[in-house]
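You will see two complexes here that share chain A, one where it goes with chain B and one where it goes with chain C.
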Partner chain A sequence: MDIRKALSTLEPGGTLKVNKQKVSKWLAGALPLTLLAGALAACGGGNSDSGVSPSPASPSASSGGASPTASASTDPTQLSGTVKIWDWDETFQKGMIPEFNKKYPNIKVEVTVVNPNDYLQKLQSGIASGSDVPDIILGEEAYRGKLFDLDVLDNLEQAPYNFDRSSVLDYTIPFISNSKGQVVAVDQAITPAGFAYRRDLAKQYWGTDDPAELEKLLSTWDDFIAKGTELKEKSGGKVLMFPGLGDAFLVLRNQNVVPYVNGSDVDLTAKLKGPIDTLFKMRDAGILGKNELWTPAWSASMAKGEFMFYPMAPWGPKWHISANDPEGKGRWGLVKAPEAGFARGGTAVGIYKDSKVKEAAWAFVNFAYQSEEGSLYNFKTFGNMTSNKAFYEKEKATFDAPGAYDEFFGGQNLARYFLDNIIPDMKGAPQSKYDSVVDSVMNALYPLWTKDTSITADAALEKFKTEFKNKAPDANVK
Partner chain B sequence: MWPYLFSLPFVAAYAAFQLYPVIYSFVLSLHDWNGIGAKTYIGFKNYVQLWSHDPLFVKSLWNTLIMMAMFIPVTLILGLLLAYWTFHLVRGKKLIQTINVLPYITTPVAIGFIFSYLFDWQTGLVNLLLVKFGWVQEGVYWLQNPWSSRAVIALMVIWRNLGYFMIIYMAGMTVIPQDVYEAAKVDGSSGFHTFRKITMPLLRNISVFLVVTSVINGLQLFDEPKLLYGGWSGSVQVGGPDNTALTMIWRFVDVSFISDTRFGYASAIAYSLFLLIVVFSMLSYRLTAPKEDQR
Partner chain C sequence: MKTLVWICLIVISLLSLFPFYIMIVMSTHVTEDLFKGIPILPGDYLGENLHTVLRSDFLRVYGNSLTVSIAAVALAVLTSTLVGYAVAKFEFRGRKWLQLFVILTMMVPTQVGLIGYIIEMRHLGVGNTLWPVILVWAAFPFGGFFMIQFIRDSIPTDLLECARIDGCSEPGIFARIVLPIIKPGLATLATLVFLWSWNNYLLPLVTINKANWYTLPVFISNLGIVHRTDYAARMAALTMSTVPVLILFILGSRTFMKGLTAGAVKG
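On to the complex of A and B.
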């Protein structure tokens, strides 16, 4: 601001009138708050097609006849149009789009890089104002349930997509279905998870670093706690099981896939009582560290060897472990979690229900995340594993061959381990808009449970319910 | 005719980009709307819910007021002292000015980074120093303790705004005529006495301006707490420990974009906040402005 000007109104003897104006001017500055909400809605009444890309010249798009995909499946060159996609992983799209265009030369795919943290907010603003909506929408774990409940994604089992839910791994179906049971997305990649572990520490304190042996040692959570106590004692408290309560809790919560939402009835007891009880047993046994997820200390701990386990899905070797422990080649391993596999992360890819280029959009989604060519490229280049069942039968040899991070994990075949040891007993968790509330309450509470060890499991669950109700007053919480 | 025509661009732009959204968001606050589905008119239910059944909103109001009570007086006093000291510097005045204003022009995200690194429980610099000098056994969990978390946020605001306050006060000091000081000197006043009897009263209007604007800005506190609690990373922690760092705007953002998508309810929060700002800025003006100005 212009200080001199401001001061001239504020000199001794400057009158009240001037000051009042000043105040009201500042009040006007306070308004953007209200404006924000208003601006979002300001064009809400407008038409929604203004920002959508021009209609494709696809011959089959106009009529929506009985078998609209027929031409697409017979001749990919017949499909054309411009498909807009919002993704945070630009590298993936930059690699995948040229592959796609080899088969579909007339479909142009435009990528806008959108941060996953802002994704839903940006999407909602775009839809509410009718300005800018992508044809292909990505739903990351943190907001997937919310996205599905907004009812903006098309049912993929209908024309023109005719997706067949039996073509994907059974456990993934809840992750791609909305609360009505419609399949509204496909998985970007499957995210079965186990634990990455430090081979050197396992060998030193437990006498083995063999995944099969460890699986036996850690078959239940009680075993896990017992082994953790042993580890803590043998190492003199220098090595613990998990870096923090956040890591342990996300495993326990994701293992419990019980449907806990029915309309506005939310059964938090069913979803969280077990996980919180086990979590507090671990905490009270002193086998958990005191790091919050994603903090610098948490990342640094991987290389330091202070903790045995880190929950890890197939995206973990690249983004977590090797990124934070670049010198750690050979000292990591992968083992199944006690009792059951669980899903960690995962992004669902759906199609906007008012898209003008549904067929072209589907052609890309199907190619990139489901087709054999796309899935093969995806696995070989990025290590992403498709949810398509048939692919694993056809490409068995690919998964028997060493993968990009197998060396880093002491020569263990990670893809095979995920497929053969972790996936078979996995179950998917139904998605709900309340998932993100659970997430947000969990993130707020676990640091407190870390700090204040006098909080009991029962008190923690009650606190969780109260916080949940504060954030979701429309829910009937049990 | 001409005057109207000439003022039309501003009036039209104001109506389209300010007045309409303001009115529209009021209309919106009377609805239940998720931004995409149908709008349902529900009268003043949002406001009733907000003021009688939303413990988080009430708590966020208190939190905001508590943090304001922490940082406004401190920034005012330190800003004034710093300005006084800098104003009378013979050498290095420009350097000191620049250094002190730097935080004010630093991007909030960087400030969030710096402070969350400083006050991290396990690896924070502050804790490392405290442990090194043996003042504490184990690091303090600054960001998970209700009062220390608020204090850290207040510290962020103070650190950021101190330079701005200093500049405004210094500008005020420039305006005070030198002959007043000379007259005071002749009458035997010096040092702290001159500061208290001449400088401070003549800067009163500056202080009023700073108090009123910081009350308005303080009620909109959001950047600092949000960024301190991982606004720059993937984890979404809203409200700090037990929501003791939750501010009103944070609540507003949480309701509309993070935990939920209730745009109608969020508009009700925004409107309530607007009314609170009007009330508090009038109050703060009444309390600080000289008597003769209060008409």
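On to the complex of A and C.
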């Protein structure tokens, strides 16, 4: 209708003299426009139709959200609603949701598979346009800090969640807190990391493949460099410590958990000077390979036995080591990194602050990632380890029993080693939106440092700061 | 001389076909083996890769992509042809302005209007369905521009005048005279729209939040992404999604070439 009105105003001076040719000219001009109007009208019709159809879900959903906490927490069958979750791991959800529904039969969990590389973009456009946003949001390591700074996740320590931060392993708290110190997520699984090492090479060159012995031999980074030099000499340069600078740097950076961001002040010197100095000492000692992370040569090196160590978290045995060295059963081991354990990877799970089904969403998050039933299923089926402290006390027997990849690692109890040797002295790193910038600058620079050995540690840090400023012009870099 | 031309042609054909061959061969290997070097000979893992792909609703996704692409072609070709015919062959007020507007909208990158478009679709009540991915082709500035140029160059105004003098109605002229002449243009536009909508990634990514309505590119990017990217399975899926486009191109190549080169040489 508007379009017709607009057309009539275009009519010149209200002349009534109409000839046939003129009509046809007008017609030609108006044809596409009326067609468009028709298309829009058709869509408008669709509006009223489809506006109704999704609503059956929402009243029940909001009733789920509004139901009183007391009755809900006592009787899981009282909670109802449809909870939407975006996850990349469909297999996990397909296994976990039926388990969840055994206890909460009236909550429907809908999974949409979203690639972690696209997650934030999809989420932001959803929020900006006011269209669909999931009730449960996942933050992968690469963008976790950015997600927390968007301020779209609810504070889980408040009602209706009443999450208690003392219930999870202490080191994980910084990984699930935003810059205001509020806990806004729970860990999907803990990701403490040590080094996967080649038992055969350790035995051959250092005379032992026992993790406890190796821990002693490699208690500081200076020891590590000394042992690396020894390894290089004994093997005639055929075996080195790490496949590349990328592996070494991710360990060093993640070990250094100093808070380096305060508002827009970014203290890169505090965060990176130590790691870069040690990294360059290793490079100059010639104990690092020249591979870049995740390249074909890097993957292939695991089976070839060119390098002693690969940083590894609990997801590593399956997806990393055994996938790239399928014949390597029995020749791998796990040892703590020099000086301290560090975190590698990890995904935080939070709840959208404008969700209409907060209670139902929390019921799922709590069940899948924190509760005893969920955590047990999670560990037994997928090997994921919860961050919930009490679980490890109650289920001690589970972790004393051999795990799925223990044989591959020469009969070493991997879960116990992570829990008893790596986690106790670990500290968590506060999350910030600048973490991903540090990551991308690092990925751009370390190949250069590998190639050009004339670059010194100080020059590298300065270059790092310059690149960082280019990518984050709003930050005051120190 | 002729042999030289043939050799050149064969070499160029091999060069352009090689990536397709590699894609097909890669889909028959285990992902980890892909990194040991470029595989030349087929492996024996095709069954497993197909299983990975088909296990997760591939056929429905395929159907979605076909629906979207066919609807997009119909919609884009219809509106573009009407716009093109009107602007190229009729004198009316605002004609120049309309043509300028078409060109201007061509210059606006899709990303800029994305959020606005999603909001519009949400208000129309068609968010989270296939409609946003289809309707975006209803106003397709390149199509409009292409048809304006094509019709202007390929249809002599005298011909339309003759038809008018002979008493043919305006819709009759369009259907019986204009459409048959611009067939190569229609085929070109249809092929391009099909290809672009088939490969469209960003729009379905941000507008569709239900796995049921995913289209092929989004589906493929979500295939095997946990801890380890299953490139071999992706290659299998890519092979299956590229083949129909290839067939379409081969079938339409004759008219397609004509359309692309039409107007390139002015007599």
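Here, the second predicted complex is superposed on the first by the 410 of 478 C-alpha atoms of A that agree within 3 Å, B and C clash if a C-alpha of one lies under 4 Å from a C-alpha of the other, contacts with A are read in each partner's own complex, and residues count from 1 in each chain.
Keep in mind that, in the parts below, a residue touches a chain if its C-beta (ideal position, glycine included) is under 8 Å from a C-beta of that chain, and two chains touch if they have at least 3 such contacts.
The model shown is predicted, which means the values in this text are computed figures rather than measured ones.
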For A:296 in the superposed arrangement: first (chain B), second (chain C), both or neither? both
Does the superposition put A:216 against chain B (first), chain C (second), both, or neither? neither
For A:89, is the partner it touches chain B (first), chain C (second), both, or none of the two (neither)? second
Please work out whether A:146 is in contact with chain B alone, chain C alone, both, or neither, and reply first, second, both or neither. first
May I ask you to decide whether A:478 touches chain B, chain C, both, or neither, giving the answer as first, second, both or neither? neither
State whether A:447 touches chain B only (first), chain C only (second), both chains, or neither. first
Tell me the contact category for A:396 with respect to chain B and chain C: first, second, both or neither. neither
Figure out whether A:128 sits in contact with chain B (first) or chain C (second), or with both, or with neither. both
Which partner chains sit in contact with A:114 here, chain B, chain C, both or neither? Use first/second/both/neither. second
Do chain B and chain C touch any of the same residues on chain A, and if so, which? 10, 12, 26-29, 31, 35-36, 39, 44, 116-117, 121, 125, 128, 296, 300
Quick one: which bits of chain A touch chain B in the complex? Just the residue numbers, please. 3-4, 6-7, 10-12, 14-16, 19, 22-23, 26-31, 33-42, 44, 116-117, 120-121, 124-125, 127-128, 142, 146, 150-152, 290-297, 300, 436-437, 439-440, 443-444, 447-448, 450-451, 467, 470-473
Complex contact set, residues of chain A against chain C: 10, 12, 24-29, 31-32, 35-36, 39, 43-44, 46-51, 84, 86, 88-92, 110-118, 121-122, 125-126, 128-132, 134, 296, 299-300, 315, 318-320, 323-324, 326
Note: in the complex, chain C contacts chain A through residues 32, 34-36, 56, 78-79, 82-83, 85-86, 89-95, 98, 114-115, 118-119, 121-129, 131, 135, 138-139, 170, 205-207, 209-211, 214, 221-222, 225-228
Mind listing the chain B positions that touch chain A in their complex? 17-18, 20-26, 28, 33-37, 49, 53-56, 117, 120-123, 141, 143-145, 167-168, 171-172, 175, 202, 204-206, 208-209, 212-213, 216, 219-220, 230, 233-243, 249, 252, 254, 256-261, 263, 266-267, 270-271, 273-274, 277-278, 281-282, 285, 289, 293-295
